[in-house]
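Think of it as A, B, C and D in the order they're written, each chain with its own count starting at 1.
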Amino acid sequence: MSIIDILMIIVPSTLLWATPLIFTALGGAFSERSGVVNIGLEGLMVIGAFSAIVFNLSAASTLGAATPWVALLVAMIAGGIFAILHAIATISFRADQVVSGVAINLLAIGLCLYLVKLIYGKGQTDMIQKSFGKWNVPVLSDIPVIGDIFFRNTYAPAFLAIAVAILVYVIMYKTPFGLRLRSVGEHPMAADTMGINVTKMRYIAVVISGMLAGVGGAVYAQAISSDFGHATINGQGFMALAALIFGKWHPLGAMGAALFFGLAQSLSFVGKNIPLIADVPNVILLIAPYVLTIIALAGFIGKADAPKALGTPYIKGKR
Amino acid sequence: SEKTGDSGNNEDTFSVAMVTDIGGVDDKSFNQSAWEGLQAFGAEHGLEKGIGGYEYLQSQGDQDYAPNLNKLAREKFDVIYGIGFLMQDAVNEIAQQQPESNFAIVDAVVDQPNVASITFKEHEGSFLVGVIAGLTTKTNKIGFVGGVEIPLIEKFETGFVAGVKAVNPNANVDVQYSGAFDKPEAGQSIANGMYSAGVDIIYHASGATGNGVFKEAKDLKVQDPERELYVIGVDKDQAPEGDVEINGEMKNVTLTSMVKRVDIAVQDLANKTKNGEFPGGELIEYGLDANGVSVAETQDNVSKEALDAVAEWTEKIKSGEITVPQTRDELASFSVN
Amino acid sequence: MEYVIEMLDIRKEFPGIVANDQINLQVKKGEIHALLGENGAGKSTLMNVLFGLYQPEKGEIKVKGKTVNISNPNVANDLGIGMVHQHFMLVETFTVTENIVLGSEPTKAGAFVNMKDAEQKVGEISQKYGLAVDPKAKISDISVGMQQRVEILKTLYRGAEILIFDEPTAVLTPQEIQELIQIMKNLINEGKSIILITHKLKEIMEVCDRVTVIRKGKGIGTVNVSDTNPNDLANLMVGREVEFTTEKITASPKEEVLQINQLTVEDSRGIAAVNNLSLSVRAGEIVGIAGVDGNGQTELIEAITGLRKSKSGSVLVKGKEVQSLSPRKITESGVGHIPQDRHKHGLVLDFPIGENMVLQTYYQKPFSSKGVLQFKTIYDYATKLIKEFDVRTPSEYTEARALSGGNQQKAIIGREIDRDPDLLIAAQPTRGLDVGAIEFIHQRLIDQRDRGKAVLLVSFELEEIMNVADRIAVIYEGEIVAVVDPKETTEQELGLLMAGSKRSEKGVGGNV
Amino acid sequence: MSNRLKSILTPLIAVLLGMVVGAIIMLISGYNPIAGFSSLFAGVFGDVYSFGESIRQMTPYVLAGLAVAFAFRTGLFNIGVEGQLIVGWLAAVWVGVAIDAPKIIHLPLAVIAAGLAGALWGFIPGILKAKFRVHEVIVTIMMNYIALHVANAIIRTVLSEKSDKTDKIAESASLASPFLAQLTDYSRLHWGFVISIICVVVMWFILEKTTLGYELRSVGFNQHASQYAGMNVNRNIVLSMVISGAFAGLAGAMEGLGTFQYANIKAGFTGVGFDGIAVALLGGNTAIGVVLAAFLFGALKVGALNMPLQSGVPNELVEIIIALIIFFVAASYVIRLFLDRLSRKED
C-alpha cells in the first residue's frame, strides 16, 4: 500500500475516534476551567448516547436524514440537565468533586440501563437506522491528495468538533465570559470581590460540560456503536479527561490530544495493513496511547498547571 | 437425574431457566437465540414466564454466574442452562453442589453426570459461508473479523478459510481479531482497513463488535452505491443488520449468515428432559445434519451458482467425504482433493 | 453630610465567636482613618462587612448619609467602596490589565474583550495617581509591591471613592511603604477617603487623621491622631501598658555557630540569587539581615536549612559542613527555623495544633517509640507549649487552620524555640502581628541569645532589626554589602545601604 | 449532638435517602417498592448461601476500599485500583498455576505476589508524581487500561495457549475452604475475608498510630511544610501509592485465589476498583468505615441478583441506589447542616 493509501485509511479513522473525545474534552475544559473537576464526563457521555439513541429510534421515521443531528441537540439538552446534578452536589452542596463525578458515572449507567429495560424490555436498544455516515466535504474533497486524505470518506461531526474547539478557544480567551470563567477557576474569591457570581459561573460551566459531553456520547453512539447497551460508553469519558489534561486544559490542546489518542487507537486496529506496524504485537499497539500519554506527561508537559482552584468548593469568607 | 426426569412427566410443574452471560437475552446472538428456544418451548407447553415456567437471569459480570445458577437451582427449575463458554466453570461447580438439579451448558463441555453439554459444529457452517464468499468475491480478497482469539472462534475462522479455498484457491483471506466481542468501534476500524485494501466480503464472528463491520459496510455503500461489498453475519440471520436505504431505495449488505440454531438445541434438550430422557453427562454436537448450523434463510444476495455449490458441499460434509478443519493445524493439512 | 461612611452598632458572629460586637466606625470625607486592634480583634471582619462579603447580624451602614444594604461586593462597588484585601485577590496567571478589568470589561464588536482599550485606560489611571505598573505584565512576574498597586488600580478603575486598605504595609519593604504612603496622599488629594488597617503605630502617626480602636470584637473608641501618641494607642488596643524598645543587655558573642563561606545559590529560574556570600553568626548574638525583599534572603535561608541546593561555597554549622545534608539532618544538628511563610512551610493546617507542635520531632523519643506515636506525650507537650507561649486556641485538638495568624505564629515560635536549637533562623517572625505579640516574640529571641544560642534574624522591618539585632548585615543583590553595629547607625543609613548606594565604599567581602 | 454522632449519622442518613429515592423510582416505574426491597433483603439474609456470597463479595470491596482510602488520607487519589487489582489477580493466579509447593508456602506466596504486583502498579504513578509532578489521577487511569491489555495478553500467550482463561490454580494456592462452603450451603465464601480484616487493622494502625502514618498524612496535607519538617516528600508519595496499590493487588488475590480460582481475559473492567471509591467514601476513609460500607455494597450487589426473579425489578436499580448513596454522602454538607439545625433546636 502506498503512503497515501495508508493515510486515506488512518486519517478518517483517527477523526472518527477523536470526535467524541474532542466534544467531551471541550466540555471538560469548561467545567475544569471554572474550578470544578469533572470525572463524571463518562456518565454524561452515557446520558448523551442513551438519549440520542432513544430519540433516533423513535424519530427516525419522521425526521429522516436529519435525525442524528436533531438527536445531537436532544443529547445536548439531556447531558446539560444531568450535569445539573453534579453542579448542585459540588457547587451548592460542597461535595467532593471527584466523588460526585464517580457517582454521576454510576448513576448514569445504572439509570440508562434501567430505562432501557423499562422501555424496550431488554438489555440494549435496537440498532438505529439513521446514523452518521461517511461524508465527502464539498469542494475540499476535490483537492488532489490532501482532499483524498482529509476530506473524503470522513464523518461530518468530526469537522463540527474541530469548529467547536476553535469556537471554545475564542470564547475562553477572547470574551468577557471566558475571562470570568477562568478567573473563577483560578481565584474564585478574587472573582467574587470583582462582582462575579462564582456560583452562577460554575453552574453555567458545569452545565455546558454536560451538554458537550452529551454531544460526545451522542456522536459516539450514532457514528460508531449504532445502539445503546452496557458497553457502549466504556472509558471514552476518561480518555476525554486525559485528553483535556494532556492538552493542558486548553481547548485547542485538548483537541490535539484527542486527535493523538484517536491516531494511536486507530493504529492499533488499522496497523495490520501498514508494513512496519504489522509485525508489532497487538498488545503493544493497544496500550500505546496510554503509555504514550504517560510518557508525554512525564516528559514534555509535566509542568502543566491545572487551574489553581480546581477541586475546591468556593465558600464565601473562607481562606 | 432420574428424579427430575420423573417430575418432567407432570405438565404443570415442568420449568426451564437459563443464565445469560453479560450479553443479555437480546444480544442478537446466542443468548437471544437460546431465549427464543425457551420461549418456544414455553409456548409449546403453555408455560408462563417466571418461577415454575420459563425464566432467565442476566449476569452483570463473571462473578454472577455461580450465584445465578445456584439461585435457579434453589427455585427448583427442572433444567438450567448456562449459555456460553464463559459459564463452563460455574456450571461445573454448581452442578456438583446441586446434584439433584439438571444443567446444560451451551458452547462448552462439562463432564458431570447431571450436565448435558451442547456444542455446535461452527466450522461446518462457516465452511459453507466460505464457499459462498469464495464464489462471490470479485477481488479475490476476503476478510475475517474475529472477536477474541480463542479455540471456539478459531473454528469459525478455519472452517471459513477452508470453504473459501475449496472453491477459490486464488482468494486470499485476511484474518484479524478485534480482541473483544463488544467493541463496535474496533470492528468499524478493522473493516475500514480491510475494505480500503480491496476486500469485498467480510465474515465476522465477533458479537457486537460485528455491528461496527456492518456500520462500515453500509457507510461505504451509501458513499458508493455501485461498489459491491458484503458482510457475512453470524449466529443468527443478520440480514436486518445489513439493511441500508440509499436514495430511497433499500439495499442490503448482508451476503448471508452462518446461523447457529441454539434455539433448536435448547428447545430440543428441554423436550428430551421433559420426556425423561435427560442426556446427563453426554455431549451433544449439533452440526449440519441436525440443522444445528446452517446458511441463513435470507438468500437474496447469493447467486444461484453459490447456492448450488452450498448444497453440493453440504452433502459432502454430511456424508463424511470431507472433514472440515477446526484448528489452524488441521487447516494447514486440509485439502479438498 | 459629615461622614462618607457610617457603620453603626455592627454585630457579626461566626460559629462560636462574636467577631464584631456593637462596633461603630465613622469616616469623614477626605481623611485617612486608621483601624487598629490586636490580631483577631475583628478588623478584617468589619471591613468585609462593609465590602459586602459578610452580612452583619445587626447594625446599620450609611454611605454618604443614606442607609444602604450591602448584600455583595457588587453593591459595594456601585456605592464607590473599594477594598485592597490583606491577602491579595489577584489571578496569578492573568495580566495586570486582565485583573483590573475583570468583571467590567470593555468590549468590541459586542462580544470580545477590548484589551487595547483596557490597557490604555489602566495606563491613564495609573498615571493620574502615580501608580506605575506595566499593564501587560503577568501577575506572577511582578513584585509584591507592584501587585498591591494592581489591587489599588482595581478599585480606582471601578471609580471607588472610599478605599479600604487591610494591612497593606505588612508585605512591603520600607521603600515600598514610602511609595504607598505617597500614593495614599495622592488619593486623598484627588478627593478619596481611606480606611487603613495597620499594626504599625508609626504609620498611623505619620499618615492618618483619626484612628478607631477595637479590642476583642468591641469598639473602644475613636481618637484624633494629633491628640494621641503611640504609647497611648498601644495601651488602648491591648488594654494594658506596652513596652516598645525591647530591653536587652549587651551581647557577649562566643564561638562561631554558623559559618557561610563564598556561598552561591541559584533561584528557581537558575539565576544566582545568593552571590559569593560570606557571613558568620556566633553563639550569644543576634545577627540581623536587613535588605529589600527579593535580594536573596529566601534562597539564603533555604540553602542553610537544606531546602535548596547551593551552587558553590560552604555552610558550616558548629564547624560541620551541612551542604550535602537533608533538611532533617540539618535540623538534628541543631538548627531551628521560623519560616517566612507560616501557611506554606510552618504548619500543616489540617493537623490539630497539637500534632503541629512535633512536626520535626514526632519520630524521636519520647514522642514515638519503635515507630509508634505516643499521643499522650505529644498532647501533653503541646499543652505545655500552648500555655508557655500564650497560643490562644480553643484546645490542642483544634485544627491549626482555625487559629488566627498571630497565634499560628506563636505556635511555630514556641515549637522552634523549645527545641532549643544552637542556631535559630527567624524569617519575618512578626509579619502581620500586633504590637503585643511582636513584643513577646522579640523578647523570646533575645532570651534565646542570652542563653548562649546563635540567632539569625531576617526582616524587612528596619525597626525590628535595629531593636533586636546585635549586628546588622545588609544584603543587596545576593551579597552582604555591609555589616554595621545598630548602635552606630541610623535607619536612613541602612536604607541607603539596602538600596545598594554605598556598596563601593563600604563593601565588605570575605569573612565578617 | 456530638460531632462524633453526627459523623456516624451522616452516612446512615445518606444510605436511607438513597433507599428512599430508589423506592420512589420503583414506584414511578410501576414496581412495588416493598416487594422490591424485600426481595433485595431476602437476597442477602434469606439463606446462609446468600449471606455467604455477600461476605465473599464484600471481601474485595474491603481491600479496594482500603486502597482508595489509604491514598486519599495521604492526599492522593488512586483511581488505579482497578488496574492494580487486575495485575494482582494475574500475579496471584500465575503463582497459583506455575508453582508446585505445599500450601503453607504456596498460598502465602501467591497472596504476596498479588500484593507486590499491585504495589508495582501503584509505584509507577507514585514515582511519576514524585519525580515529575505528573498528576496521579491521570496516570492511574492510563495504568488501568495498560493493566487490562497486558494482563489479557499474558493470559493468552503465557499462561494459556490462546485460551480465554488460565488453568485452575493448584489446590495448594487456593483460599477456598470446604469448611466455609459447607457452613454457608456451598457459597464461594473463602478465607480471603480474614486477609481483608487483617489489612483493615494494618491500615488503621499505620495511619493512626505510627510515625510513618504521621508522615504520610502530613505529606498529603502540605508537602512544603513536610519538606521543611525534614520529611522525604517524594519517598512518602511513592510509599503511599505502593501501599495503596498493594491493598488493591490483594483485592485481586481475593478474586484469583478465592472466588474464581483462575484469571480470564476481560473485555472491560471488573468495576470493583471503582466501587472501591464509593466504599472508601461512604466509610469516611477510615478503616472501620470501609468495612461497614463494603458490607453494605457487597450485600446490595448480591441481594440485587434476587430482585428480577422475585419481584421483577431490574437489578440495575441497585446500581442506581448505590450511586445515589454516594451522591448523598458526597453532599453530606447538607445533611450536616440539617443535623446542626436539629441539634440546635434540641439545646
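As a working rule, a residue touches a chain if its C-beta (ideal position, glycine included) is under 8 Å from a C-beta of that chain, and two chains touch if they have at least 3 such contacts.
Keep in mind it's a predicted model, so treat the numbers as computed, not measured.
When the partners of chain A are compared with those of chain B, the chains appearing in both lists are D. The busiest chain interface, judged by C-beta pairs in contact, is A-D. Mean C-alpha positions place chain A and chain C at a centre distance of 46 Å. As a whole-number value, the distance joining the C-alpha centres of chain B and chain C reads 77 Å. Centre-to-centre separation between chain C and chain D, using Cα means, comes to 47 Å. If you average the CA atoms of chain A and of chain D, the two centres end up 28 Å from each other. Shown for chain A are the residues that touch two or more other chains, namely 231, 234, 282, 286. Touching of two or more other chains is recorded for no residue of chain C. For chain D, residues touching at least two other chains, in rising order: 152, 267-268. Every pair of chains meeting the touch criterion is listed here: A-B, A-C, A-D, B-D, C-D. Touching chain D in their complex are the following residues of chain A: 39, 85, 88-89, 93-96, 98-100, 102-107, 109-111, 113-114, 117-118, 231, 234-235, 238, 241-242, 245-246, 281-283, 286-287, 290-291, 293-294, 297-299, 302-303, 306. On the side of chain D, the complex with chain A involves touching residues 25, 29, 77, 79, 124, 128, 131-135, 137-139, 141-143, 145-146, 149-150, 152-153, 267-269, 274, 277-278, 281, 314, 316-320, 322-324, 326-327, 329-334. By the touch criterion given at the top, residues 22-27, 58, 60, 174, 176-179, 182-186, 188-190, 192-193, 196-197, 208, 211-212, 214-215, 218-220, 222-223, 241, 243, 245 of chain B touch chain A in their complex. Interface residues of chain A facing chain B in the complex, by the touch rule stated above, are 1, 5, 8-9, 12-13, 16-17, 120, 122-124, 127, 129, 131, 133-134, 136, 153, 220, 224-227, 229-231, 234, 265-266, 269-270, 272-273, 282, 286.
Looking at the complex, you find that chain B touches chain D at residues 51, 55, 57-58, 60-64, 66-68, 70-71, 74-75, 85-86, 89, 97-98, 148-151, 154, 179-183.
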